[in-house]
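Chains here go by letter, A, B, C, D and E, matching the order in which they are written, and residues are numbered from 1 within each.
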Amino acid sequence: MTTKSLLRRFRISKLMPRMATHTGSPGTVNYVGRKREAPVKMQVMEYHDDDFSEKEIKNISELLPLKNSPMVTWLNVTGVHDTSLIESIGEAFGIHSLVQEDIANTTQRPKLEEYDGYLFVVVKMTYLDHDSGEIVIEQISLIIGQNYILSFQEREEDVLNGLRQRIRTGKGRIRKLGSDYLLYAILDSIIDFYFTVLEHLGDRIEDLEETLLKKADQTLLNDIYRLKQGLIFLRKSIWPMREVISSLQHAEHKLITKQVGVFLRDAYDHTIQVIETVETFRDMASGMQDLYLSTISNKMNEVMKVLTIFAAIFIPLTFLAGVYGMNFHNIPELSWTWGYPAWWGLVVVLGGGMLIYFKRKKWM
Amino acid sequence: MTTKSLLRRFRISKLMPRMATHTGSPGTVNYVGRKREAPVKMQVMEYHDDDFSEKEIKNISELLPLKNSPMVTWLNVTGVHDTSLIESIGEAFGIHSLVQEDIANTTQRPKLEEYDGYLFVVVKMTYLDHDSGEIVIEQISLIIGQNYILSFQEREEDVLNGLRQRIRTGKGRIRKLGSDYLLYAILDSIIDFYFTVLEHLGDRIEDLEETLLKKADQTLLNDIYRLKQGLIFLRKSIWPMREVISSLQHAEHKLITKQVGVFLRDAYDHTIQVIETVETFRDMASGMQDLYLSTISNKMNEVMKVLTIFAAIFIPLTFLAGVYGMNFHNIPELSWTWGYPAWWGLVVVLGGGMLIYFKRKKWM
Amino acid sequence: MTTKSLLRRFRISKLMPRMATHTGSPGTVNYVGRKREAPVKMQVMEYHDDDFSEKEIKNISELLPLKNSPMVTWLNVTGVHDTSLIESIGEAFGIHSLVQEDIANTTQRPKLEEYDGYLFVVVKMTYLDHDSGEIVIEQISLIIGQNYILSFQEREEDVLNGLRQRIRTGKGRIRKLGSDYLLYAILDSIIDFYFTVLEHLGDRIEDLEETLLKKADQTLLNDIYRLKQGLIFLRKSIWPMREVISSLQHAEHKLITKQVGVFLRDAYDHTIQVIETVETFRDMASGMQDLYLSTISNKMNEVMKVLTIFAAIFIPLTFLAGVYGMNFHNIPELSWTWGYPAWWGLVVVLGGGMLIYFKRKKWM
Amino acid sequence: MTTKSLLRRFRISKLMPRMATHTGSPGTVNYVGRKREAPVKMQVMEYHDDDFSEKEIKNISELLPLKNSPMVTWLNVTGVHDTSLIESIGEAFGIHSLVQEDIANTTQRPKLEEYDGYLFVVVKMTYLDHDSGEIVIEQISLIIGQNYILSFQEREEDVLNGLRQRIRTGKGRIRKLGSDYLLYAILDSIIDFYFTVLEHLGDRIEDLEETLLKKADQTLLNDIYRLKQGLIFLRKSIWPMREVISSLQHAEHKLITKQVGVFLRDAYDHTIQVIETVETFRDMASGMQDLYLSTISNKMNEVMKVLTIFAAIFIPLTFLAGVYGMNFHNIPELSWTWGYPAWWGLVVVLGGGMLIYFKRKKWM
Amino acid sequence: MTTKSLLRRFRISKLMPRMATHTGSPGTVNYVGRKREAPVKMQVMEYHDDDFSEKEIKNISELLPLKNSPMVTWLNVTGVHDTSLIESIGEAFGIHSLVQEDIANTTQRPKLEEYDGYLFVVVKMTYLDHDSGEIVIEQISLIIGQNYILSFQEREEDVLNGLRQRIRTGKGRIRKLGSDYLLYAILDSIIDFYFTVLEHLGDRIEDLEETLLKKADQTLLNDIYRLKQGLIFLRKSIWPMREVISSLQHAEHKLITKQVGVFLRDAYDHTIQVIETVETFRDMASGMQDLYLSTISNKMNEVMKVLTIFAAIFIPLTFLAGVYGMNFHNIPELSWTWGYPAWWGLVVVLGGGMLIYFKRKKWM
């Protein structure tokens, strides 16, 4: 009962925050998620072949020139609980009010929606929290325009830092291609982090398996339970992503160039691989749980056998001892010369007979 | 056994009222549902940009002018057990007799049917009952014509009150658009209440989970059972709604304008989200039940071990005591000087041996 | 063990009669079903707007004029074990020999087959047997021609009596429409009886649920088992009916007029509703079974605890009593003045200690 | 433990013979199956309306004239382990080398392949072995040419004997139609034998069910297990047959005439019926297994209760007896006049109290 | 507990190597798999009808002439951890950088991708390790060009040796056909090894089944668990292969000639057969696990009965013995002449009564 748990808990409250109090009119921008007070941050990266600039935006008025910038522009907003800000950005970039509503609602399902002049993509990122080691699932909303991408998320994380670094240093082909490639690069980074989380879970499953074959206790059971619940949430996050990427790939949208199509096919393959691995893990977790239960039954059976052997041998013998402990005046056996040794003989024969019987029944 | 139940019961009789005594001819209007005597109420809302009027209709003759009103007209009928009333309305608006039959039958499956000049939509609303806190599932039938919507339900509820208030105050875009947007707004309000119910269930699941990891008793078991049965009914109500909205969205029906199509896509997404959450909850409930059963098995195993240890140690020792409690005349050990201490020595060795054996078997 | 069973048994032998000894050539008409000797009955109804006649046919020669009657003709044959009769009718109406074979085989799967000039429909009726209260599933084969319907069934039942009465009295639109509407009316009556059976099962499920929460015994278990087996058969009967009606609805067959299409859509909806209810009942039955098993485990756990507490407290104390019942000559404690009270003190301390220990373990 | 098993075992080794040592080049004809030494038999039937001849072929040279015979020719080869013979036949009829390879491999999956000038069909036959009563699954490969059918199987069986007899006696329409009807007739005979096997299993299921409700022991458990394993194999054999017949029916192949299409539709229906019955049996077997397990749990619970009642009543009383069997010198109760009756009074009160307690707990 | 395990363990770490640290830019070639240091080997086979040459390549410059060789060229690279080598080869043959990345990542999912001028195929090979007897799953990446095939794998194995030998000796049609037939031949060899592995597992399942019916212990349980986990991985490897071959077969790609299409259809059939066998094995393994669990329950029930019978008979009798072992001064029965025999009479009656009771309950 004191074994250390191998897995931290997936908290529903974290993975499935307050879902809805959409009591307002449709298209009204309400923040739906855990209450937060962190300040909002707006970061802009602009790049084009050799050009590159990066700055933090403090004032909404700085947003307006971004839309028509000749460079590829990536505006990342951290903190979607500031709904008035989302409305301002929406106005500046001409975003439909339903989209604004969806951005502020951090409990959206991954999806792709086409609007005139831009695409709206919602996906879920996953990563391991630095401090707690817990698996976190976070929503990121993307608006892909001709030459820009707006990304909205609630909390700062590491998932896209590698990508940012590649843009800064100009490594790879990122600087040479447009906003559609940037979209691919963001999705690819997100999927890569799914692999990281899955690898972590894979290690945990191996640990659990090893523990299971040695010793089955309640902690292990709770761990398997947590693992399964966690996989339910990962699955819920990644399944719809498949459709998103598939639609991006097949939709003949002018924003997605043919050149990027090849990369999206690759991202699609990786998504399928994540999905299959999640399903495999679910199967394995179920297998472990079955094994656990069977092991428990097995052990109980053995405990029962030990109990039964002891009881079945000694209870009759104790009865026999009781018989000659009685105080009846005329128990003839008591005064026999060989009474006591004969009694022991009887005990040995009876006890031995029971032992042979249990051996034959393969209980020992 | 006395722990308070966290979940109220879903009553089949409430969720699946008397299903059918369709013994009449098809197209005959018979009320199918729980017997009710509440008076019927007909409320009309008419609106158009700045215009707005609301009244209660007492007389059937008032219905006739509504159909051709230049404003958007929403007639809500509470109480479908008055079948003659439904026939009158059906006649006034030219509704097919099969539709009339379906309106009076509150056990319909959500569906969309196209007729000449109007659409017929049946969906299920869900909400938490004020008094009992129980989840209620209620049918609403909608007839959508060029410029009007007729809605029929059996009981008064809160689901659409927010929408009514928005129409009254003229907030949002509701007043600017036609009956197709009103249809969307009704469906959207209904889906929002699904989220509310799911959030309630999500809280219950978290409570159950917490309780489960601390203490597993029969009440908990019944709660999980109720939760699962309830989810079966929610699932049955929401699944067909997906088809309904999907058909509305894709059908090239002249009553549904393109402008509203975008909103229906959003409603469709929310429906999918409700469905996935229901499925996730089902998975989680199954996971909890599995954990519960394993926990019980585990505990039983431990109880068995305690019993076996006690029995296996003391039953043989009691036998040993019985031996020297016998009254045979010539038991030589009884008169040995060190007989009694030697006996205790034997007891300690045997008992200690058993203890070591059980320690080795990791039973202690 | 003596609780009255809430559900009568579904007998496989009744629901799945002798399946096949098709050893003959294909197209040979062999009766396949339970042996029966009941006399064959042929009833004819002819109607047209105001005209209506009804008679029983005794002689095969009377069949010939029926085919070309200007009125809508419904010939119902009760007793398909008379294969020579089926062959005669088949000849009179020009029915393919494979169809004749299928009519005589009462173990067909529901299906729709189009032939030149007529449609062949096989469906399963279900109803509650008057006497035994058992659920009966019976086959009905229908041949739909331009102006006539031939129906074949093995046993007389009530399912279509309501419809016959409506034809006799001329209520509803039945007399005004052709043989395609009659087909719809027959199917609709059959589906309505599914609802009746389901309602009966729904009541049983509620009863079972109530019993389950109070008291779980073997009778209940057998009832759940029977319920599940029965639902398997209902499911097998209704699923293919969905395809049958869907094909009728969509096939552009000249025998099915557009006017009747609307009604078939309604029948299709009802079929889906039956299917969903059957699936829901299956889910509920599984849920009850799970709850039952968990409850048993739970109870076993409690029984075990009681046993363990008694055994663990009294077995050591009995040992202690045995110690001082021994007849060793020099047991010093026996002659101590306070020996006996001290012994009781020890017993109280040990027993009380055990009680406290079990309280702490939450076993009491 | 001695109850006679109701079901014979399905042996994997029989149902899934050595699968593959395809180490040779593709298109090399190697016998894949259980080693056999039985002599090969080649039987030819030729027929046409009134003509009919039947002979056994001993020499490969006799094969050549068969291909262009004006009559419908059916060559049945029993014993596919003679691979050189298959090659000779393949050469004579111009069969692709991959087809030859597949014929010799008795572990094929049912399939239909179209080649220039002929169709290649592999299906599985099933029947009850005369001697052992076991269910046997055997492969039959068919090559259907313009005017001939070649059939290959490893062992002689009864499945097609009825068909052969019909050809001999000229009953039914078999002699009037071509090789496509012969193909249908072969498939139909095979499906009919599936029904025979299913009927046999259906009887077994009823027997098992009856036994189950009376008495649940290990033999029954093994029987249910065998039944399930057997159904897995039947399922594996029949599922792909559905595709085979469906393809035959829909493929616009010149070898399949329209006239035979109607018969193939009938065969397709029967295949579906076999599939559904197999699935139903699987569901029923699972249901029985669940009931069995629950019954065992239930019984264990009752056994436990009996044990607990006995132990809880008599262990404390035995302790009480032990107390006054102690040899302490000054146990005052021993010398009380009413000591012994008072002790009995205490025993009755305690024992009775326990009995009342257990009655209240509904354990008795 | 000491029974030898029949199945070796499938190690996740072996079957699912480090999945991803794709932190680099997409298209960057990083080795993803277990760390390895084995030297890289490049083997070239060139053949054409009668011509055949085979050599090992040591220098990258030797690669260039291969692409345009008039013969069919098969370059096999063993050791994909040398990423710079992969890049060189990629450059020489004009391979897309994403393909290069995928080759170096040994955790890909089987897939087919079409590029200009070549096809990229990833599949999983499986075989039994010579030394350990473990099942190994290994990735092989294939690039199929007009006249060449490049194959990449991490470890040397036997799977393709038979094929190599056939090329060397010029047996079969391999030398007469192009690179598309070589692709088929490689896939066919890989599938054949799946059959070998499945046959091995089939033998194990039979062994397990036989053991299961004789004796159910923990080792067996672990074996069934390993079997199931192993099947999960085999399934994950073979399922996507179906799509790969299906796409190859249907895609109208100029690299795949019609002649080879027939062979691909055959390979497709074999793949389906592998998949179905894997599924059947999974079903059988589940069946065995269920049987195992039921058997355990059954045994536990019997153990419990033995215990209960012993306890219920002897505990009351021991109490009776205790009664007359008491030292009350005035126990009248003790001095009765027939007291002792009467006591034995009571014991026999009570014990016999219990025995009859248990016989009636069918516990014995």
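A few comments on the model shown:
Following the convention adopted for this analysis, a residue touches a chain if its C-beta (ideal position, glycine included) is under 8 Å from a C-beta of that chain, and two chains touch if they have at least 3 such contacts.
All figures in this text were calculated on a predicted structure; none of them were measured in a lab.
The chains in contact with subunit A and with subunit C alike are B.
Under the touch definition stated at the top, subunit C and subunit D share no contacting partner at all.
Of all residue numbers used where subunit A meets subunit B, under half belong to both copies. The two sides are thus made of different residues.
Its C-alpha atoms superposed on subunit D, subunit A is turned by 145 degrees; the angle is given in steps of 5. A straight line joining the Cα centres of subunit B and subunit D is 41 Å long.
Separation between the centroids of subunit D and subunit E, computed from CA atoms only, is 26 Å.
For subunit B, the set of residues touching two or more other chains reads 293, 297, 300, 304, 307, 311, 315, 318, 322, 325-327, 331. Chain contacts here close into one cycle, and each chain has exactly two touching partners. Subunit E makes touch with subunit D in their complex at residues 162, 166, 171-174, 184-185, 188, 192, 195-196, 198-199, 202, 205-206, 209, 213, 262-263, 265-266, 269, 272-273, 276-277, 280, 283-284, 287-288, 290-291, 293-295, 297-298, 300-301, 304-305, 307-308, 311-312, 315-316, 318-319, 322-323, 325-331, 362-363. Every residue of subunit B that touches subunit C in the complex is listed here, in rising order: 12-13, 16, 18-23, 25-28, 96, 98, 102, 107-109, 111, 113, 215, 217-218, 221-222, 225, 228-229, 232-233, 236, 289, 292-293, 296-297, 299-300, 303-304, 306-307, 310-311, 314-315, 317-318, 321-322, 324-327, 331, 333-335, 337, 339-340, 343.
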